[in-house]
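Okay, got some structures for you below.
In what comes next, chain A is part of two complexes: it sits with chain B in the first one and with chain C in the second one.
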Partner chain A sequence: MGIVVESLSKAFGSTQVLKDISFSIPRGETTVLLGASGAGKSTLLRMLNLLETPDQGTMKIADMSFNFSNGHDNKHLNKQACALRRKVGMVFQQYNLWPHMTVLDNLIEAPVVQGMPKKQAISKAKELLERVGLSEKAEAWPSSLSGGQQQRVAIARALMLSPDVLLFDEPTAALDPAITNQVVEVIKELSQSGITQVVVTHEVEFARKIASKVIYLEDGHIVEDGSSDHFAHPQTEAFRSYLEH
Partner chain B sequence: MLELFFNATLMTLGLALSSLLLGLVLATLLALGELSRFRLLRYLTVSWVTIIRGLPEILVVFFIYFGATHLLFLLTDEFIEISPFSAGTVALSLIYSSYASQTLRGAFMAVPRGQSEAAKALGLSSGRCFYRVILPQAWRHALPGLGNQWLVLLKDTALVALIGVTDLLRQAQLFSSQTYEPFTWYATAGVIYLVITLISQHCLDKMKQKTSQHIRTVNV
Partner chain C sequence: MMPESLQEYLPQLLKGLQTTLELTFASLLTGLVLALLFTLILSLRFKPLEWLVRLQILLFTGTPLLIQIFLIYYGPTQFPILQETVFWPLLSEPWFCAMLALALNSAAYSTQLFKGAIDAVSAGEWEAALAVGMTRSQSLTRIILPHAFRRALPAYGNEMILVMKGTSLASTITLMDLMGYAARLNAQTYDTLTVFTLAGLIYLTLTGILTLIVRFIERKALAFSN
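Our next item is the complex of A and B:
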């Protein structure tokens, strides 16, 4: 099972950011959430690991179910959120590596706290660094790495917990176009391994390269939802004009 | 005489260091209180910090020393004497913490939100996140300010002479009235304060280097 979301909505104060969002993503797909800034795509992504709490709706993700419709109990939800986040990894636009820890320490911090033996964590970290092409950077400080390298470390850090789902919030927005391809390679390689990926972006070119499925949002609504064929054959006028601009 | 002066120096250092330790703990709590989600807690901490910062240091020392004795008398109906040393430590740490809390609050706010968000997204508890991610980074921002306030604290210990602790300044005063050589003794005390200050600055520089080791490292 992948991700199933039904009638999710969210308001910040009086601004309705997401209105009655429903979609489902089969396991192993790489889904791109596209839309202009302010369309609600980042908020939607952040709901998938409960960094934002929806006001209403239901969500099934990584074999856990959530129902937000009837005034949820915060304490219980926090506990569940913690468990959920171990199965749903997240990669941020600004990488958010911890600058005072080496690359290796960044990677092993969470798994070691959660009970993985340190030795095992280190060998897993080295394996993952090799996979993202940075095996010689284990002892480096994040600040000595380029943006593309930092983002690949951040991806490796998220993979340390062997998540079922990996979320990317504008992973290439801070990178120059040549470096973006490094991230494209990693995402493509990961999609071979069967992990479910959800990527928020506003870069159409980047989206085309990685997507197996696309969801287009406008003003908190889903306007178009379909396979990557929709890039070639958009079904709605709104998505067509978005692709052309 | 030398021995007495040495003891007085130890007393000054002991007062300053114990006030520093207690003060840092209090400052962290006050800074967190001011950044708290709960409005009442925020108001209470802000008012407390405002009051302490608004009073002359010597008044805080008197309040704690005489006030606490009186308070204990009212509560227990017994006259319990508080040692000037502990009263001094408490008073100085209150003063230190109310200034240091402002430095710390700024330092906590200087750590980008994304840092704790990344910790949250990896399933770290908020306590672990504070201890491993926020505190070490805030510490680097806070160190210069805290170091400055430490030097002020060091010299504020002289206030405690007024409630009867024989610290460096009090000892100098005693000697100069015995020997009628005020300049010699006050100058000696001055030199000792200066030496402690220089050593502190050296240690602070080392700590700053240590906390900044991850910044701008050179690729070899």
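Our next item is the complex of A and C:
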């Protein structure tokens, strides 16, 4: 089982951002959430690791189940959110590296806090840095790296906890088109390792390169949901016209 | 200003140096500990305590340091009940009262400074910490505070210098610090210009040394931002 979401809704004040969202993602797929800005795709992604709390619905992810429909106790939810986030990593548009820590310290911080021996954390960090092609940057400050390099460090940081699921929130939106390919390579390589990935983007070209499954949102609804074949053969007029513009 | 009078005054003034330095470091250290505590209370929003901290900041940044020193030193003598408590030996001691006033004053300003630095750390850094499964208090103490304190260091350096200069007010409650000896020497010699110029030069030297130390720490602590 990968991710199963049923009837999720979310409102910010009087604005209904997500309306009755249901989908399921099998383990190991790389799913792209596509849509114009304001469609609710980032909010949906942030619910998958509980950075946003849904108002309604149920969610099964990384072998944990959540039911938001009968209200919830915040303290209990916070605890569960912490446990969930150790299994569901996240990569942000603005990388969000901690600027006052070296690349290596950015990587080992969370695992060490959570009880991994420091030596083991360091050797794992070095492995991951090699995997994203940044072995020689372990001691560098984040500010000395290019955007593409910072994003790869952020991916390595998210991988330190060996997550079952990795979420990407517009990972290439702040990058040069030429640099985007660095991130494409890493995501492709990860999809072969069997990790479940969910990527929010509005860049169709980037989406085509990485997706094995696509979900298209418009105005808080899922309009189209299917395999990557849907890029070639869209089922709805709305998705067809989104792909064309 | 005659060289021979310099030779005569300097050893007199330097007798007060130790008190000035002790008062500075004790106040800074106590103020820093309090400021850290206050900052945590404000950042984690502990409700009733938060209001107390805000009141403390209002009172101690809103009134002159000299009034705070006077009230802390002369105030408790008006309440005989206090004289029977275990605090009396401390509260009747000018050194302790001056230290307490300076520490509370510095804590109020430092808390504002630290809180400002924490608020300036981007929300993304908080989210990144939460997203790797840290709790809010782990995120605050392990990621956000260490970053914020580095950012606050240049401003905190100024605060240290203000406290050091503020210790000169302690002479008004009979404490014999650098300023206390200068005032006594002035009363004895009426050589006002020389005595206070010399005292001023000693404070200036202390400020210079403190600035150099802070600069050195800044270079290490802010290396990441270059």
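Here is the rule we go by: the second predicted complex is superposed on the first by the 245 of 245 C-alpha atoms of A that agree within 3 Å, B and C clash if a C-alpha of one lies under 4 Å from a C-alpha of the other, contacts with A are read in each partner's own complex, and residues count from 1 in each chain.
Keep in mind that, in the parts below, a residue touches a chain if its C-beta (ideal position, glycine included) is under 8 Å from a C-beta of that chain, and two chains touch if they have at least 3 such contacts.
This structure is a prediction, so every number in the text was calculated from the model and none was measured.
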Joint occupancy of chain A by chain B and chain C, clash or fit: clash
Touching partner for A:Q56 - first (chain B), second (chain C), both, neither: neither
First (chain B), second (chain C), both or neither touched by A:Q16: neither
Touching partner for A:Q80 - first (chain B), second (chain C), both, neither: neither
Partner chain(s) touched by A:S212 [first = chain B, second = chain C, both, neither]: neither
Interface residues of chain A shared between complexes with chain B and chain C: 49, 51, 82-83, 85-86, 89-90, 92, 94, 96-101, 109-110, 113-114, 141-143, 154, 157-158, 161
Chain C contact footprint on chain A (complex, rising order): 49, 51, 78, 81-86, 89-90, 92, 94, 96-101, 109-110, 113-114, 141-143, 154, 157-158, 160-161
Interfacial residue positions of chain B with respect to chain A in the complex: 112, 114-115, 117-125, 128, 132-133, 136-137, 140, 211, 213-219
Chain C residues within the chain A interface of the complex: 122, 124-125, 127-136, 138, 142-143, 146-147, 150, 223-226
Residues on chain A engaged by chain B in the complex (per definition of touch): 49, 51, 82-83, 85-86, 89-90, 92, 94, 96-101, 109-110, 113-114, 140-144, 154, 157-158, 161
